[in-house]
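Chain naming follows the written order as A, B, C, D, E and F, and within any one chain the residues start at number 1.
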Amino acid sequence: MELIVSKFNYWAYIVMILVGLYGMMVKRNLMKKVIGMNIFQWSIILFFISIGAKKGATVPIIIKGTEHAVKAADYINPLPHVLMLTAIVVGVATTGIALALIILAYRRYRTIEEDRIIEALKKR
Amino acid sequence: MPGYITLLPLTAIFLPFVGAALIILTGERKPNLRESWTIVTSFGTFIAITSLIPYVLNGQTVECHIVEIYRGLHLKLKVDAFGLIFALLSSALWFIVSLYTIGYMRSLKEHNQTRFFAAFSIAMGGAIGVALSADLLTQYMFYEILTVSTYPLVAHKESPEARRAGRKYLAYLMGGAVFILFAMAMLYTCEGSLDFHPGGMIEQEGRGQLYRITFLSFLLGFGTKAAIMPLHEWLPSAMIAPTPVSALLHAVAVVKAGVFCVLRVLLYIYGPESLKTLELSFALALIVSLTIIGANVIAITQDNLKQRLAFSTINNLSIIILGALLLNPVSTLGAMLHLVSHGFLKITLFMCAGAIFVQEGKEMVSQMGGIGKKMPYTMAAFTVGALGLIGIPPIIGFLSKWFLCLGAIEVQRTGFLLIFLTSALLDAVYFLPIIYHAFFQRSVEGANINQEAPFLLLLPLMGTAIFSIVFFFFPNFLFHFQELADGASKSIFEGWRK
Amino acid sequence: MVKDPDDIIVRTVARFMIPIIQLFSLYVYVHGHISPGGGFQGGCILAASFILISLAFNIGEAKKILSGRKNLLFIGLGVFIYAFTGLVPLFVQGNFLDYQHLSQFLPLDPVMARYYGVALVELGVQITVMAVMISLFQDLVTAGRHESILKDRENGIDR
Amino acid sequence: MISAANILLLILAIITAIAAISVKDLLGAVALLGAFSFFMCLLWAEMGAVDVAFTEAAVGAGVSMAFFVATLYHIARRSRD
Amino acid sequence: MKAHWPILIVALPLIMSFVTFMTGICYRAAAYHLTVITAAFSTFIAICLFIQVIVEGMTISYHIGGWEPPWGIEYAVDHLNALVLLATSLIGLLTIIHSRKIVAREIGGEKTHIFYALVLLQITGLLGMTVTSDVFNLYVLLEIASFSAYGLIAVGRKGAEFAALRYMIFGTVGAGAYLLGVGYLYILTGSLNMSDLLRLLSNLYGSPTLLAGLLFILLGLAIKMAAFPLHGWLPDAYSQAPASTSTLLAPLFTKVVAYVIIRICFTVFHPSFALHTYPLIPIMGAIVGVGIIVMGVMAIAQSDIRRMLCYIVIAEVGYIILGLAAGNRLGMIGAILHIVYDMFMMALLFNAWATIYEHLKSSHISAWRGISKKYPLEVATFILGGLSVIGIPPFCGFFSKWFIILGLVEGGKWFLLATLLLSTLLAAVCFFRILEQTSLTHGSNTMDDRSEKKTSLSEGVVLASLSAFLIILGAVSGYLVSFIEKIPFLGAL
Amino acid sequence: MSRILGIMMVTFFGALLILSTVDFSPWSDPAQPAAVHVSPRYIERTIEETGIPNVVTSVLADYRGYDTLFETSVIFTAGVVVILLLRREKKW
């Protein structure tokens, strides 16, 4: 019980990652796959942000007037945030390309169900 | 020893490859030029190799490092007596065969001659490379070149049957190559080197089982090419190829390279002493003896002349290996000499078979009644070759078999002596009827006109026949085969590492 | 969204909102140094204003403000500004992206050179993000057929 | 220790995530994804990652949703699973 | 400029890709020339770096932005990646030159500049992955390379967009797994720099988190490099892609990711961690060992030659893992050698394939019957590449395989050795079948003289030089091995 | 087939994730390694080294500006890929 509560954050993101992964790997609708992909990526981002969290610290913007006595312990670790900004951008880019591919696939097969597309491909 | 000498083995190996490149570049447009490349390069190779004889006879070895791959792993060439014997044999026969090939291919107007000549050249380069390499890695390299370049030759006819024969050939030899690779890796891991050393290079104390496995795997590898009995299946199938290819396969390069490699492994990697202590020599000798008898028995049943010759080859290869396995200097000398004598005699027989095919279109022994009257010179040469292989003087075949038998007596292995003698007897059983048919039976067509083969075909086969008689009287004529073989076997049995 | 939303309220609100959104994006970019925000967010918001134009009016309207070719140029230009800013210090013995060496070109001390160097690259990010987001949206919403859809509209075909 | 608000947000996020991949109507799924992204955004803001939260608000709720909806315009809206 | 080579080799293709894109808006014809010049310059820099590494004999480190390593991003060129850089950029250059006509036909005049911009981004990504020494930067570069790969693949034949989408979903899982692994490493150490991580991780080797981190990284990279059970995306993606794309991607991408595995497993972690403490690499080797057999059989079963080559690519990448799994110096040398050699072999095979495909417009094996008379050079080079893959000695493929075999024998990994030898035979079946079809069978006359297109000079030169490389690389493998032996972590084995 | 593979992969992933979480340092611990090794310098010296109070911006665009260059390139790539795939226009 103690294990579950003290790391609730981590358990929660594990569930989210698995939900996303399930959507990507098992769902047959391509759109669902892309939605799962987004959930997957955002859960990883959540994980990274959780790394950065620091008890008793504030947002990593230096408060005016304290420039000469900045203590690292007062501010949240900014590095994961930076990394995750990049990851978000990668996520958007992935989404954009994936959606374009879905439009193309739909144009060709008139469906976005994976198994139907595979059938259509086999028939050729 | 002047410095340029070290370049000679390199030249000898690279000339055929250069020749192949020139042949491909010349192509089908200028057949005369293309064929003169073959002759020029084969002659050049021959000269390069013969000019090495004096140095080797003096007891020197000519070494040439190409590149070091890793500690103890080199690509390097070395000319020792045994290697030189094989190199001399194959380069000399290549020159002769190339004349014959040109005649044969032109008479039959074969297709794709450029590919044929180029692959032939590359195969010869591979064979000479096998002869002159100084360690297993280099030898393996040329061995594989030989294998791959022979494949298009075997399947040259491009008929489904030829392709099947080619596939079989490749399947056997590539499968074998994998075993060689494995055995080489084992050997290198144990010894840290792959160099040949007369009298063996391994130290097998405490690793007996390991070396037995390695030996088995070497045998499975090189044994395929040497056509030891359960692995011989590809050789009769490959008879579908044009006759010059058969000559190449049997007498000059391919199976000879297999036997050569087996002998290298037996005498230069393992060495007589290790073979004895590991109890390998006797086991292998039994397999080989079975091959000798089995191949002969099968040969008797074959009606196709080329098939019969193929099984005769399997028999003779095993005789060579058995000679080396008796592990004494005399029989080893005999084995090396038999390498030469079988080369000259078998090539004569094949060229005769090819000439008959070109002239009469006949392949079956039963159809050849009275052919001796139509083609007297060809059949005379054939007689020389057949008698030589049986072991009747005054032909070189007698000489080599004599030494083999002497060796068997010396080590008091009467069983193996009997094997040699039986095999000679069986040889007679399947060769003599051919000769009898040819000369003393009525021709089916009944025409007694002299219809001799074209000059370009006749010259080489007469040449080899004459040579094999000359070698009986002067075994050291021109090539010093006997001296070289003597030196090689002495170095093996005196040159223990310890 | 490609259909003409004949809704006067949407259009009026959009007309009113768009300049505010654009101003806000500029604010986000400029204030990125001292508060949350920066080139990426600014670029997204700027793109959102164009998306809003496309939604409220149509793509043609958005293209009147920022033509397709210009947008393409901006896609490359933004990253090029970034990368080129990084390349400049190489000419004065600095390392790649070492903005403090910009002080040799600009009347600034090294720390301030870093400050403005960051501003410069953020500008590059903003331009590219804006242009890419606009182009992505337009391509997705028309499935790549900008022109034919606009032509259809002129001919009164409702797709 | 984690605050109650945090736990609530996490649970909501999980629920919306599961809903987003199981709803058969794709537009609904996309809307739920938007909600998920919004909860994420709140979570990050709560953890002090204001920049990331801001970006997520601009991207997840804004541009990304616009892309999804724009795509849905061209394809079948129902999903079989 | 000499000091800036490590960054220029990556930054230059990057910037030039933007420039190519922008000039292409007005003037499309320049795209090809800009790309070739850039690739040539990258190759030049790679040669210079290679020489510099030989001369100085130590790691060349470059601090981007002037920030010292654990804080800023570091680029480092050592003996390991100088070699991979050289091979990657050289093959990139040759392939771009080779595929000029093919691109013009497949992509069409309007979008060639975009295609070339993506090609440059691909090269940027691959070179960057090779040279970077920061685990997160590696992630971003991996994504750059992957994204451009998705785009390059999706413009291909019918079915390409679906293949690309599947590739993308697999790839995203892979990249996500890699990112998670990096997150674990970051949690444990707080650092992202590779050499810093090596130092910090050394007293954490018992932690399950660390194990999971490495597992995630390996999982992610295994997906990206199409290691056996996770290879599902590759055959579709590469065989549906345009010919010009598969010639670029197939030789490079998987091999560079294999290099990344070596870099992570043996320079971020102590070499013994993934080999002995937790035998991750040996386990992976065992799985891949089964895989190369399966892939060999699959390759034989294909009737489309490009698809067959795709399975060969997977099998060949498997050899690299086998070499690593041997867990000793010889196997490692073999694996590194194989990365470089396999790039060249695959480049030759795919380029020769693309040339023939351009002429015949068909990749089906029956269409290749008896074509060697018409296209002797192309078929000959294709066969040469095949012989090298099988491991016929004078060609380079033999030497890398030989070292892997030595490593496996020394390490006593008999099962892996057996799979390797067996897969050699399977490869032999594949290529000799093609040799038989193309050269030892009479061609059907139906397709004769339909396409009278000639292979252009530049294509011929590329093919000839690639086949020359196979022999030259085989001949100099001794020197390459002594170069590879200077890699620092090999000393720890 | 691919469905089973997918479920297996999800299970594997989940097991791995749970295994790894066991010895995380407690959430938001100020003394965890991630908080004390590299990042303090960014916070403490951003003002004197770059003059930017928003540490995220200074790390994003300066300390790790190279990542951001590639981040932007990723966006560029995405835009370019979509143009390459989708856009069907005669003149741009």
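To be clear about the criterion, a contact is a pair of C-beta atoms (placed from the backbone, for glycine too) under 8 Å apart; a residue touches a chain by one contact, two chains touch by 3 or more.
Everything numeric in this text was worked out from a predicted model, so none of it was measured.
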item	value
Set of chains adjacent to subunit A and to subunit C	D, E, F
Which of C-E and A-F has more C-beta pairs touching across its chains	A-F
Chain located farthest away, centre of subunit D as origin (C-alpha)	B
Longest centre-to-centre distance from subunit F, chain (CA-based)	B
Chain at the geometric heart of the assembly (C-alpha centres)	E
Computed distance of Cα centres, subunit C from subunit B, in Å	78
Centroid spacing, where centroids are CA-atom means, of subunit B and subunit E in whole angstrom	43
Separation of subunit A from subunit E, taking each centre as the mean of its C-alpha atoms, in whole Å	28
Whole-Å gap separating subunit C and subunit F, where each centre is the average of the chain's CA atoms	22
Touching two or more other chains - residue numbers and ranges from subunit A	6, 9, 17, 21-22, 24-25, 50-54, 57, 59-61, 79-81, 83, 85-86, 89-90, 92-94, 96-97, 99-104, 107
Subunit C: positions in contact with at least two other chains	34-36, 38, 40, 69, 72, 75-76, 79, 83, 86, 96-97, 99, 136, 139-140, 143-144
Residues of subunit D touching at least two other chains	2, 50-51, 55, 59, 63, 67, 70-71, 74
Partner subunit E, residues of subunit C touching it in the complex	69, 72-73, 75-77, 79-80, 83-84, 86-87, 90, 94-100
Touching residues (chain side subunit C, partner subunit D) in the complex	1-2, 36-38, 40-41, 44-45, 47-48, 51, 133, 136-137, 140-141, 143
Residues of subunit C defined as touching subunit A within the complex	34-36, 40, 136, 139-140, 143-144
Of all residues in subunit F, those that touch subunit A in their complex	3, 5-7, 9-10, 13-14, 17-18, 21, 24, 26-30, 32, 34-36, 38-40, 42-44, 46-47, 53-56, 59-60, 64, 67-68, 70-72, 74-75, 77-79, 81-82, 85-86
For the subunit A and subunit F complex, residues of the former touching the latter	6-7, 9-11, 14, 17-18, 21-22, 24-26, 50-57, 60-64, 67, 70-75, 77-83, 85-86, 89-90, 92-94, 96-97, 100-101, 103-104
